[in-house]
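For reference, the structure I am asking about is given below.
Here the chain labels run A, B and C in written order, and each chain numbers its own residues starting at 1.
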Amino acid sequence: MGLEEYKGVFVFAQQVDNVLDGVAFELLGKGKDLAKDLNTDVTAVLIGSDVKGLVDELAEYGADKVIVVDDPELKDYRTEPYAHALASVINEYKPEIMLVGATAIGRDLGPTVSARVATGLTADCTVLEIGDFPINAVAGQEQKHNQLLMTRPAFGGNTIATIACPDNRPQMATVRPGVMQKITPVKGAKAEVIEYNPGFTPNNRYVEILNVVKAVKNTANIMDAKVLVSGGRGVGSKENFKMLEELAEVLGGTVSCSRAAVENGWLPVDLQVGQTGKTVRPQIYFAIGISGAIQHVSGMEDSDLIIAINKDEGAPIFDVADYGLVGDLNKIVPALTKALKAEMAE
Amino acid sequence: MKIVVCVKQVPDTKGGVKFNPDGTLNRAAMLTIMNPDDKAGLEAALRLKDQYGAEITVLTMGLPKADEVLREAMAMGADKGILVTDRVLGGADTWATSTTIAGAIRNLDYDLVITGRQAIDGDTAQVGPQIAEHLGLPVISYAQDIKVEGDSVIVQRQYEDRYHEVKAKMPCLITALSELNEPRYMTPGGIFDAYDNEVTVWGRADLKDVDDSNLGLKGSPTKIAKASDKVPKGAGEMLKGDSPEELVNALVGKFKEKHII
Amino acid sequence: MDFSLDKKHEMARTLFKEFAENEVKPLAQEVDETEVFPQGTVDKMAKYGFMGIPVPKEYGGQGCDPLTYVMCVEELSKVCATTGVIVSAHTSLCIDPIMTYGTEEQKKKYVTPLAKGEKLGAFGLTEPGAGTDAQGCQTKAVLDGDEWVLNGSKCFITNGKVADVYIVIAITSITEDKRGRKKKNFSAFIVEKGAPGFSFGTKEKKMGIRGSSTYELIFEDCRIPKENLLGPEGKGFPIAMHTLDGGRIGIASQALGIAEGALERAIEYTKERKQFGRSIAQQQNTQFKLADMAARIEAAQLLVYKAAMAKATQKVYSVEAAKAKLFAAETAMAVTTEVVQLFGGYGYIREYDVERMMRDAKITEIYEGTSEVQRMVISGALLK
């Protein structure tokens, strides 16, 4: 199959409206580590319309090369022209590793491309490393070296699996945003730029975008917050979230929530933490009136310090909390706000 | 209009996740349900049926027991159920799964294929787009609204900060979000009918245009190197106090210890 | 002998349980507190076919069996006994006699909209002076040309005023036997809401099942078409008794559900509640009580399901129904009382559901034949 023909670590540099997504930089950061272990380099694949201006930014974040596929058909994301672009790049340049952000775009593009180039794809990875497969040598089976070992949580975070793709290339993974570390940008860094256009001929698979409707964004990005004060079903009402806001304010934090709070219409979905929401890693995470369903926990368990306030002492949230307070949140939260205010004033 | 809806039977995490004494997941002790995103996809199909008239075939791949989700779908209003089950199909990753399901769908007449965005046990969101790729269909993932207009569908395709209103010619494949709708209940009579009717069972031999090398564990390009059930993080400290004030004081004390304030 | 449910019944139970948890439970406290009939829930149940479960499809029903219907009332009553009795009175006391004794026209005209839940049904036998002694009824019906003219009143009628169709039992003649004793001959009638001369008295304020609509029915020269006689003239009493046999299975399921709901709460609560440094579920006193309740509830369930199966397969099931109702109702009362005790002070507080369950349980020992009536039916069969 000529697997050795495949060289280099490629990352899909996702951009929307000609602005690079943070996950592109995170993938470059991780890609650099992997490339070092494999003694190779990192290539960003930049796909879009009039996107050449983004090349330098990718170089500053660690791209050694940038392959640019620039075509008017690629203005807004559509599965088909993008999949055609990325699959063509893979077939032409044969990377051994192809990383894609596990975003609403990447989780559509990744599977389509992997099926097209007939390789495996591991979804939503949180750890990537180079190692052997099988991890421990097994008699009668060749142990392959320098394999990409892709670790991902499954079952809402209840299980963890490490996956390899030993017999197909490239080894593809989508990577959960917010998990990998980007490097400190190197000002003035330059990358080798390769322009490539496989040609785009619309067919039945090209869908038509009738409208692009942007959500009005008036909420803070909870993924950037240092302190999150998160509320769930136990908060009881939209009005009660005011208490959480006051606590967040004292600590310079932001309010976030569990899925239950979104379903009840108390807070918008972009403040939701958890599997169907965002993965967060603040320094302090308050889980208030959140029972701690695994889908929620998987989105916040890597926070540095977790404080849970819940009236039910058997709530699973206490299993992940560093400090647990059992009692009525309607009394504890205002008391805490008041106490912290007093401490800060001293 | 003919609609194929793909569904999966998954363990229910809502009633709490059960662990064995050694900390591994106790799947046998957990109830099974129809995967929530798939159920939303089925509901979307049923609404299209209510509105425009349609014949709905539900398709699942799994163990013989997965027949239950087909009955449930039929009890909600689907017309037919097909269970793809065969020992040689076991251990499939998303590539082999999508190859199998595409091989089953090739036997059918359809205008629309609907799948859920992702299953709560695997969380990959890969099978839907991969089926579309194998069948050469346009795919619209993350659908939050679906309408039919003539021979096309108009779908709101969700992204993190926006949605696209997208038009695609049928046949096409749509992946549904559980936020798409509130699925209906079954009816008691529907349940009785579902069990009085037959579910079609297909094996390897019934799959069209698929190669053995792409099926089951052997045909899966991704291999599990290591799997472990995650051991829950050790419980922290429960702060003591008989009143909210005492609890708060204890916490503030910890904050001071850690130089947070 | 196999006591396990088959797959379709298992799935039906899952459906009823999900519906009860999502749609009924959140309203139970409010329904009790405000005493408002849960019309929204009834509309939802209609949409999903719960108002015609044992009715054949050709009459707008679901084509299921009495066991499925019983499980529906049971699961609804686990979370809200009011909702359970609405379905029970509608199905057992109104639809069932029309299905059993009605003409084809009557079935088409009345059962179809009832089974679809477009209309709600009720049943009127009891009068202020005639409870257990149903023979004491005074309401009369006289044929006048093409119409029956009804005069009298019925009391404590479940689904009263909200129902559209009423089965009413009235005296149509008085005959003398050989020894010269007067005997009342009853007949059954289908009366529609809105019939001239048909009105409602005041709403009863009750101890339990407070959201169920309990009214007095008043007939003042109420005129209904001649063809609304249900079954043969003079056969009203056996029709009423046979209808109550079916109704008792419904009430037995309601009682069963109340008991099961209370036990579920007790299990949750006793695991959480700590006294003397450990959960009260760790005290043997609690454990033994829970065990006794569980055993008793399962015995009740077996009697109720047996009665439902008897209704499906036998012409007469009076004794089975009486045993099920007697045992299930007394179980409901005993279990809820015990659960309130386990809850201690919290059990007496309205915010905790078990107080409501205890009030709801009491009626199951009274309506559709008191526990004493059930004992009469059972012993009557033993000694005949």
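One rule holds in what follows: a contact is a pair of C-beta atoms (placed from the backbone, for glycine too) under 8 Å apart; a residue touches a chain by one contact, two chains touch by 3 or more.
Remember, it's a predicted structure, so these values are computed and weren't measured experimentally.
S.K.: Taking all protein C-alpha atoms shown, work out their mean, then name the chain whose own C-alpha mean is nearest to it.
M.R.: Taking the mean of C-alpha atoms per chain, the most central one is B.
S.K.: If you average the CA coordinates per chain, which chain's centre is most distant from that of subunit C?
M.R.: Farthest by centroid: A.
S.K.: I'd like to verify one number: the distance from the centre of subunit B to the centre of subunit C, where each centre is the average of its C-alpha atoms, in whole angstrom.
M.R.: About 40 Å separates the centre of subunit B from that of subunit C.
S.K.: Please work out the Cα centroid separation of subunit A and subunit B, and write it as a whole number of Å.
M.R.: 21
S.K.: Taking the mean of the C-alpha atoms as each chain's centre, how many Å separate subunit A from subunit C?
M.R.: So the centroids are 56 Å from each other.
S.K.: On subunit B, where are the residues touching two or more other chains?
M.R.: Expected reply: no residues.
S.K.: Residues of subunit A touching 2+ other chains?
M.R.: 313
S.K.: Would you pull the subunit C residues touching subunit B in the complex into a rising list?
M.R.: 7-8, 11-12, 15, 18-19, 48-50, 53, 57, 61-64, 68, 72
S.K.: Note which residues of subunit B are touching subunit A in the complex, please.
M.R.: That would be residues 11, 13-14, 16-17, 25, 93-95, 98, 120-130, 132-134, 136-142, 154, 156, 158-169, 172, 178, 220-230, 232-233, 235-239, 241, 244-245, 247-252, 254-256, 258, 260-261 of subunit B.
S.K.: Can you check the complex and tell me which residues of subunit B touch subunit C?
M.R.: Touching subunit C from subunit B are residues 68, 71-72, 75, 184-195.
S.K.: Using the touch rule from the top, collect the residues of subunit A that touch subunit B in their complex.
M.R.: Going through subunit A, the ones touching subunit B are 16, 76-80, 83, 103-105, 107-108, 110-112, 114-116, 118-124, 133-135, 149, 153-168, 204-215, 217, 270, 275-276, 284, 293-295, 301, 305-307, 313, 316, 318-328, 331-332, 335-336, 339-340, 343-344.
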